[in-house]
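Just below sit the structures, each encoded as structure tokens.
One chain, subunit A, appears in both complexes that follow, with subunit B as partner in the first and subunit C in the second.
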Partner chain A sequence: MTSLVLALKQEPDQRLDLSPLVPHLLAGKSEAEIAAIELQTTKHKVTVGDAFTLKPGDASSIRFEGGSARLDNIGLDLKSGEIVVEGACGLYVGRAMSAGTILVTGDCGPFAGSAMSGGKLEIKGDAGDLLAAPQDGEMEGMTGGLLVVRGSAGARAGDRLRRGTIVIEGAAGDHAGSRMIAGTLIVLGTAGALPGTLMRRGTILLGSHTPLAPTFVTCGRNGFGSFSALFARLLRPTSEAAAAAFSRPLERFAGDMAALGKGEILLPA
Partner chain B sequence: MQPMICNGVRIDESFAEAFPMRGTALLITAPNERWARQAATTMTGFATSVIGCGVEAGIDADVPADQTPDGRPGVRVLLFAMSSDGLQSQLVNRLGQCVLTSPGSAVFSGLDSPDRLPIGDMIRYFGDGWQVSKKFLDRHFWRVPVMDGEFLCEATTGLTKGAVGGGNLLVMGADWEKTMIATQAAVDAMNAMPDAILPFPGGIVRSGSKVGAKYKTMIASTNDAYCPTLRGAVKTALDPDIGCVLEIVIDGLTEKSVADSMRAGIAAIADLGPDKGAKRIGAGNYGGKLGPFHFHLKDLLP
Partner chain C sequence: MSEAEVDGKPASIEEATECAAAILSRARLPVIAGLGTDIAGIRGSIALAERLHGAYDHMHSARIFSDLDVLRQFGLMFTTPNEARLRADVLLCVGPDLTRVWPQLFERLAPGELPVFDLAQQKRKIVWIAPEPGLGEIAGVPVVPIEAPDLVTTLGGLRARVAERPVALDDAITQKLDAAADILRKARFGVAVWGGAALDKLSVEMLQGLVLDLNKTTRFTGLALGAESNAAGAVQASGWMTGFPMRTSFGRGYPDHDTWRFDATRLVESGEADAALWVSAYEAETPSWTRHVPLVALVPAEAHFAQPPAVRIDIGRPAVDHDGVDYSREAAAIVARKASHPSNKASVAAVLLRIAQQIGGAL
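Then we have the complex of A and B:
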């Protein structure tokens, strides 16, 4: 299968909305039709043909050659297929995706994986703030799937996480897992201030010792061996480092007691 | 007609008549093999026949630690019943009373199938609000706090509507000892076959039954045609050289698993020969009109 390739001609002079460039919206479109799709976010019209050189292929697999922090909404509402971004991307990569896979080889902006409900999103570089978080007015962030950041993430990664698994192999900013409803957030590098702020349920695994808010209370080191061994094995194909973190002795802190208090932060024991 | 002879063991021109069942499987793990076995043994106790026990269950195989989801030693158990509802109720009762209670246990789905039976989805209520739901991609688990830590249980397990129950072999020998030697050899060989269990004690039933009885309340009664002490008084099925009959009953997740198990059993009995082991192998049926699955012994010879 040959991928549909979109090679960026040059750094765009305005932010571009790439939300039309997903497999289910491109299926059956000719090269000319795709080239005519408008991407502008200002009054100056920019089409796919203006910004990218097209190499035709099967639209169920889309490859962006050359990235830019101005490319927003890549893989928005992705329902199937795969998208590879060779380079950086802007806001909202993989937002509301429900299936399929997205790979970003560079860095991405805020709200990566925002409210995604399924599929796999992998960012090889760093992610911006509010990873997987809901947009203003939404009640839930990520509700399913697997989100992996090989680099670091900004503040409030996993805000309002409801379901699914987030792995951050690098560091996380302040308030990682803020307001978590449930789900699993793994931070293997250092975490910023006050992880799990106001989390209700869910699991945060931290790879290194981090001061916790006093509203997290220790529940000791024993008794969840089967769960941690299971998750180590489930995570191993995705992240050896995450698997290793689950394989170490862990101490369980329940919280945030300022909210429902049925969540947990697991720290190396 | 001359009987078929296999290494000196007579093989009846007969067939085992089997029935469709609903089947499911669980993988039980524990911190060590002893406690994985203990939970599995307790869960599959009093599960010899659906007539009296509501379910037929047994241990399929030990699963090495490197092949279980949590890396601990495991045991796969199979359960069979006549209806999905009956299977569900037995499954959850036994899970709750026998596995949840067993120290260190965890339970995973033991069968891939689009049809699902809730397990953790029911047991979770034992957590009284402290249960924790964990999802990873399409798999869903429940963590229930218990006094030795947590009981981890997958939310659902697979259900197959293509299971087969009631495959059987009648092992006939000169006396109890020799018949038992042959039957045990067959059981050992059959236990090694995947996706099938032998629900009776140690895999063997000595009180094979016929349908009906002289008493109105009895739906099944002793199989007098195969009782050696009645050979002169009834229309016996026994030859003069047969002094003991033992039966092996097989339930399998598929028709093929039952056939493979029976084939392994026949081979093991034939291997021993008529002097050390059994002199004759038969199979039980009801004339072929009740059960849709017919396992002809002639098709299963080694």
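Then we have the complex of A and C:
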């Protein structure tokens, strides 16, 4: 199977909305039909053919060659298939995706994996602020699936996380896991100020010692025993380091006592 | 000084508006920023943005959205200053700059008077988190101060103690929080007053969570002081015109709202906006961006720019030079105001109309 390849001709002079370029919307379209799809976000019209060189292929597998921080909404509402971005991308990559896989080899902008509900999103570079978070006016962030950032993430990663697993192998910014409702957030590098602000339930695992807000109270060193081992086994194919972090002795802090207090932050014991 | 300038040289209003129309209409994505004007000026700005396929933003958006994002993602309980004056038996003040944001705050809330609609008719109590220095009492009411090196952490500690959940704090600090929590729980109608630059979105959500928790056993609500330059009026006018608050773009012909993408400063700094119209009628504010962009400025005569804008048109102040309609903190509503010192200085709406007439007729 050959992928449909879209090679960026040059850095666009406006942000482009790439939400029409997902497998379920391209299925059955001819090369000419795809080239005519409009992507502009200003009054200057830009079509797929204007911005990209097209190499036809099976639209269930799409490859973007040459990224840009102005390419927004890649893989929005992805329902199946795979998307590979060789380079950087802008806002909302993988937003509201429910299945399929997305791989970004470069950095991505804010709101990556925003409100995703399934599938796998992997970012090899750094992610911007509000990873997996709800968009303006939405109540819930990510509700399922797997999100892996090999680099670092910005502020408030995992905001309003509802279900699913996020692994950040690098550092995270301030307020990681803010307002979490449930789900799991793993930060292997350093975490910024006040992780878990306003979290109600859910689990945050931090790979290094971080001062916590006084609304997180220690529950002592815990033998999570079989659960840790099971979860580590689940994580191993995705992230060897995350699996190792879950296999070490951990100290458990319950919080955020300001909110419901049924969440937990796990630190190396 | 002339009432208009083009490239730093005196010009007539006709020349200036013609030049402004040319700059804005040839841009790919013009942004209308500042938006510090009365309702007529805001309506004109948004209508012009639609015609130009441009974006619009307010200079105080960061402070507006720290409240508005909590309203639309969590919920916000709030009341008016007059309701607080008539009913509040407990005031919970938050932030070190409340009276700088609104110097007449305590004249309006009159904490020294007994609340008219409070059946118990007892003296009011005031708890102040991150208090203003030197305010030991207000109108004879002692202030219970809670120092807060970090606002969201202290608010969180207080909220945890109100709900009787444990905190990892020194006994002395915990006792202080418990004493304050006791005052809040015993309130019959409490009002949390907040505002200023110190509160971010998480702090406001923490405070509103505290208000929500208190409402399980008593009545408690909030009073947001908001921001200057008719920011609250801009939110309302934008809402009734487009269905969205500011940071909305008409790039594709229909309103598209995104607080990250349509932040005016970011749009200019990134080069995505290639022309800007700056409107600031209340204060002599100038844009905070540093990148050069073709700029049309509608500002009072006192406004100073490091680089002269491509077009500058001097305008009058609403309710000073001309009659104006804008949001009033006192009334918590949009009110009409007479000009206090009527002059022939142009209003923002009048100048925008002249610009629009060069681009396809009246707005």
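As a working rule, the second predicted complex is superposed on the first by the 268 of 269 C-alpha atoms of A that agree within 3 Å, B and C clash if a C-alpha of one lies under 4 Å from a C-alpha of the other, contacts with A are read in each partner's own complex, and residues count from 1 in each chain.
Simple rule for what comes next: a contact is a pair of C-beta atoms (placed from the backbone, for glycine too) under 8 Å apart; a residue touches a chain by one contact, two chains touch by 3 or more.
Everything numeric in this text was worked out from a predicted model, so none of it was measured.
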Could you tell me whether subunit B and subunit C fit or clash when both sit on subunit A in the superposition?
-> fit
Using the superposition on chain A described above, determine whether A:79 touches subunit B (first), subunit C (second), both, or neither.
-> neither
After superposition on the shared chain, which partner residues are touched by A:29: those of subunit B (first), subunit C (second), both, or neither?
-> neither
Contacts of A:248 with subunit B and subunit C, given as first, second, both or neither = neither
Which partner, subunit B or subunit C, is in contact with more residues of subunit A?
-> C
Considering only the touch criterion stated at the top, classify A:258 as touching first (subunit B), second (subunit C), both, or neither.
-> second
Partner chain in contact with A:145 - subunit B first, subunit C second, else both or neither = first
How wide is the angle at subunit A between subunit B and subunit C, using CA centres, rounded to the nearest 10°?
-> 130
Aligned on chain A, what is the least Cα gap between subunit B and subunit C? Give it in whole Å.
-> 15
Footprint intersection on subunit A (subunit B / subunit C) at none
State the interface residues of subunit A toward subunit C in the complex, per the touch definition above.
-> 13-15, 40-44, 70, 72, 91, 110-111, 134, 136-139, 160, 175, 178-179, 194, 197-198, 212-218, 256-259, 261
Residues of subunit B touching subunit A in their complex?
-> 29, 31, 69-72, 106, 130, 132-137, 139, 141, 143, 145, 148-150, 152
Show which residues of subunit A lie in contact with subunit B when the two form their complex.
-> 144-146, 163-165, 182-184, 201, 203, 222-227, 229-235, 262, 264
Which of the residues in subunit C end up touching subunit A in this complex?
-> 28-29, 53, 69, 72-73, 150, 152-153, 155-157, 159-160, 163, 165-169, 202, 205-206, 209-210, 249, 251-253, 256-261, 271-272
